[in-house]
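We call the chains A, B, C and D, going by the order they appear; numbering starts again at 1 in every chain.
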Amino acid sequence: MAPAHRHSAQAVRFIIEGHKTYSTVQGDKVYLERGDFLINPPGYWHDHGSEGDSPAMWLDGLDLPITNYLDASFFDHDESEVQEVTAVVDGSVMKYGIGQLRPAWEAPCKQYSPIFTYKWKTTEQALNNLAKVDASPFDDVALEYTNPHTGRPVMDTMTAWIQMIRPGIHTKAHRQVNSAVYYVHEGCGATIIDGIRFDWEKGDIFFIPCWVYHEHLNDSKDERAILFSIQDTPILVVLGKYREEELSSNRGHQLVKGVFDAETVMAHK
Amino acid sequence: MAPAHRHSAQAVRFIIEGHKTYSTVQGDKVYLERGDFLINPPGYWHDHGSEGDSPAMWLDGLDLPITNYLDASFFDHDESEVQEVTAVVDGSVMKYGIGQLRPAWEAPCKQYSPIFTYKWKTTEQALNNLAKVDASPFDDVALEYTNPHTGRPVMDTMTAWIQMIRPGIHTKAHRQVNSAVYYVHEGCGATIIDGIRFDWEKGDIFFIPCWVYHEHLNDSKDERAILFSIQDTPILVVLGKYREEELSSNRGHQLVKGVFDAETVMAHK
Amino acid sequence: MAPAHRHSAQAVRFIIEGHKTYSTVQGDKVYLERGDFLINPPGYWHDHGSEGDSPAMWLDGLDLPITNYLDASFFDHDESEVQEVTAVVDGSVMKYGIGQLRPAWEAPCKQYSPIFTYKWKTTEQALNNLAKVDASPFDDVALEYTNPHTGRPVMDTMTAWIQMIRPGIHTKAHRQVNSAVYYVHEGCGATIIDGIRFDWEKGDIFFIPCWVYHEHLNDSKDERAILFSIQDTPILVVLGKYREEELSSNRGHQLVKGVFDAETVMAHK
Amino acid sequence: MAPAHRHSAQAVRFIIEGHKTYSTVQGDKVYLERGDFLINPPGYWHDHGSEGDSPAMWLDGLDLPITNYLDASFFDHDESEVQEVTAVVDGSVMKYGIGQLRPAWEAPCKQYSPIFTYKWKTTEQALNNLAKVDASPFDDVALEYTNPHTGRPVMDTMTAWIQMIRPGIHTKAHRQVNSAVYYVHEGCGATIIDGIRFDWEKGDIFFIPCWVYHEHLNDSKDERAILFSIQDTPILVVLGKYREEELSSNRGHQLVKGVFDAETVMAHK
């Protein structure tokens, strides 16, 4: 059990495994399930714990580097270890989870998303629906988690994407002034980053640095790949630093200069 | 079949009955089902028709009075009677229908909601979810249809609500500088407007004028009532004219001075 | 002396003559001088009076028609006839009158302009400066009074312009979905509205209706003309109704079908 | 002569000395005078030079640290060394320099301020005017340079202030999550930073770090002190990291623990 605390750092979480494990953000308790996406706005109290036998695992994205760089880190412990929980489990999903319908008597939540948990079931449905009608040439079936009361990213310093690379898809290359950490939620495939091919499979984590060309591919004949990512795009946009560029040569595909071999790298260390 | 046309008036529709009836807005075709809510932004081409045997019926809300008042009405006919339809039926719902997840490669739709149809199934689920966690003292379980890319109402001149008055609920009275047209989608109940009780049941339409106290009640023991309404609130808000006030006397309830008798009124005419 | 009152209607004033005459808006007293422009946001207390011998005269623009149309008119009298005045006369000009420099410890005034009076001396300087570098083909040297804390018009329902038509200028024609009331502050010239030429001189008032072509001209060899106008553009813009169009035929000039003769019109009445 | 170039870094300049020295930003040439404040938005071409005999001097504020931290630095040289100048010297001041009056035919400049130079004469007038009506308990007569088309700071990553500490004033202490570089433009005084007194006089530069208490004082009986500063507040605000706190103890004044001695520090080095 992690006792209740709060901090000025902004945090998002993607659940890898969850069994009777819970997280409570500002009194809103939710049982964590594989694929759920959680937000933790700055200054909101939170505590986590497990009521089951097996461990939970999640990917935690915090903006600590820039918070520390700006000398803006604050942290508080609560006297009580566990927050009092509001009546209904997963109340924020019940109240706000269908983004386009807002409780009519309340003002919009302009600062941070009122949805504390984006459930996997809904997310998967959105991916499947989108795949029927449209896709990006660079990122295939890609969705950004947003605050439906403003349309903006869920955090001021980070945004998060869920992405389906469909079987047989090989996207075109582009580059942006922002960086991204990717987690492979399902399937396998590869990402070519600055001319090097990185093969990945379920459970892997990879990173795309700032301003390097990258493209994704799924060689499988019938298995989809699902990628979750955390990106620092909002910082670059609001500070007037963002730009992007698509690769114009070679029909939009990089020349592959090499293949990354994780085992060799590991062996050398 | 209504041939394709477009106009500067803003329009919303609530489907009362639909059987193999369709509407196509800017190439996005949808089959109309009871309880669906449709938007028709200004200048968007639209045509409607029926491929079945029985008629469709819907409530149409247009902002023609203020458009005419402002001398701002424009209207065009298309040369072709029926628009070409984009590949997938109800494509806007597939692409944007889970409001908090946005296609990551596109800019937000800031002017008008990208969701052309708010399906009843989703709307009903949102009402049921909200009823589990919260309600307004004045409007019970009330949701506003919004553009999830901005959080704003679906039109510049009108907003629309869907509202569940739960069995046994009697709300408190308040008044606002805006007016509303209500349609009873399900159940029966009453609204007390300026001291007069108006009983209503499924299929009825009633109107709440500007700045009069009103409160809703559902006398039923177990049947919910569902109200759809179109309100001109956005005009008042953006022009700096909106205000609201709750009734402070008599514990928030009006003294009932009389009961409206529709049959007598009809007979007199 | 006009005793203190306030109303939901929005008001702007342009001073035609002022001699020891004052206006006090929300405690900010100002002595009125020819060419000054005043705003009176809704709900702000105001009272006016004269400490001299000769009368003052101003053009008053109120949004009463749309306020009444929307059933949104509220009015209060103050118990005291004259407001208490804050220490410094014309304090809002002292504090905010150089729009691009804002008191650093205060939040911006987002609702209405913090500048209650736009002094003629500053306005004239802005016109002379602008004339040295740029002008509109349709409106010559035209400035819009704005709230420097947002860049928006001074009122939600009205905007105001000050305009110099330089000697020898004949602008091109265009039309917009908005209407305008013009007051001739200086000089003489003509405006061709929907093909009819209206000659005007200092002190005249004329009106340009919605969606009719209009162009301005100053026949004088060396005397500038100054026009003040109140326009309802903000309503049209925020309600999604605004459009504009320039005249494409005849090199952008209307064919003049006739000349308006005010005396004949008067004689007939 | 500095040849024409542009970069993604954002820059502001405060002129310490200028004699027939010029700066041209995106074709807008201005002769630099003591006290002028210049902005250089990212990606705008600029070149500088001197047509006189004596050197110019200015304080240059660039956001290079955070630009480099974010890997977002881009730089271009122009083929021509000197930009072509638009017709009128200091055109941006002529066109936009009275912030509350905007050329009526143009859309607002939402990204960066259209005023490239904030002239000292206007700035000084604003300080003198403000001093007559109001002041901050923490910063005395303090003005923020803004974009009058939005009310926002002139840069995305930096804001700039001009501040008059009047004779005899000793402000209260507060602290903020942001830092500031100060330049003493006129007069002398002291700033107590984290309990240490730093005396300063015309030409000095001092720095207030993040989240330390600070207060300003002017011991002079009749000479004003003028401080110019560059602050990184906008970064903290848009990234959700800003907070501030006033000192509650000792009537808002710090206990002075020591006095900074610049000469001893210099001697030691």
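The criterion applied here is as follows: a contact is a pair of C-beta atoms (placed from the backbone, for glycine too) under 8 Å apart; a residue touches a chain by one contact, two chains touch by 3 or more.
Everything numeric in this text was worked out from a predicted model, so none of it was measured.
Q: Tell me which chains count as touching both chain C and chain D.
A: none
Q: Suppose chain centres are the mean of their C-alpha atoms. Which chain sits farthest from chain B?
A: In terms of C-alpha centroids, the chain at the greatest distance from chain B is D.
Q: List the interface residue numbers of chain A and of chain D, divide the shared ones by all numbers used, and answer same when the ratio is over half, different when under half.
A: Over half shared, hence same.
Q: So how far apart, in whole Å, are chain A and chain B when each is placed at the average of its C-alpha atoms?
A: Computed value for the inter-centroid distance: 35 Å.
Q: CA centre of chain B versus CA centre of chain C: separation in Å?
A: 38
Q: Where the CA atoms of chain B average out and where those of chain D average out, how many Å apart are those spots?
A: Their C-alpha centroids are separated by 51 Å.
Q: Please output the residue numbers of chain C that touch at least 2 other chains, ranges allowed.
A: none
Q: Which residues, counting only chain D, touch chain C once they are in their complex?
A: Against chain C, chain D makes touches at 87-88, 91, 93-95, 97-105, 108, 110, 113, 115, 118, 122-123, 125-126, 129-130, 132-134, 136, 138-139, 142-151, 161-163.
Q: So in the complex, which bits of chain D are touching chain A?
A: It is residues 8, 10, 42, 66-67, 69-72, 74, 111, 155-157, 177, 179, 209-211, 235-236, 238-241, 243 of chain D that touch chain A.
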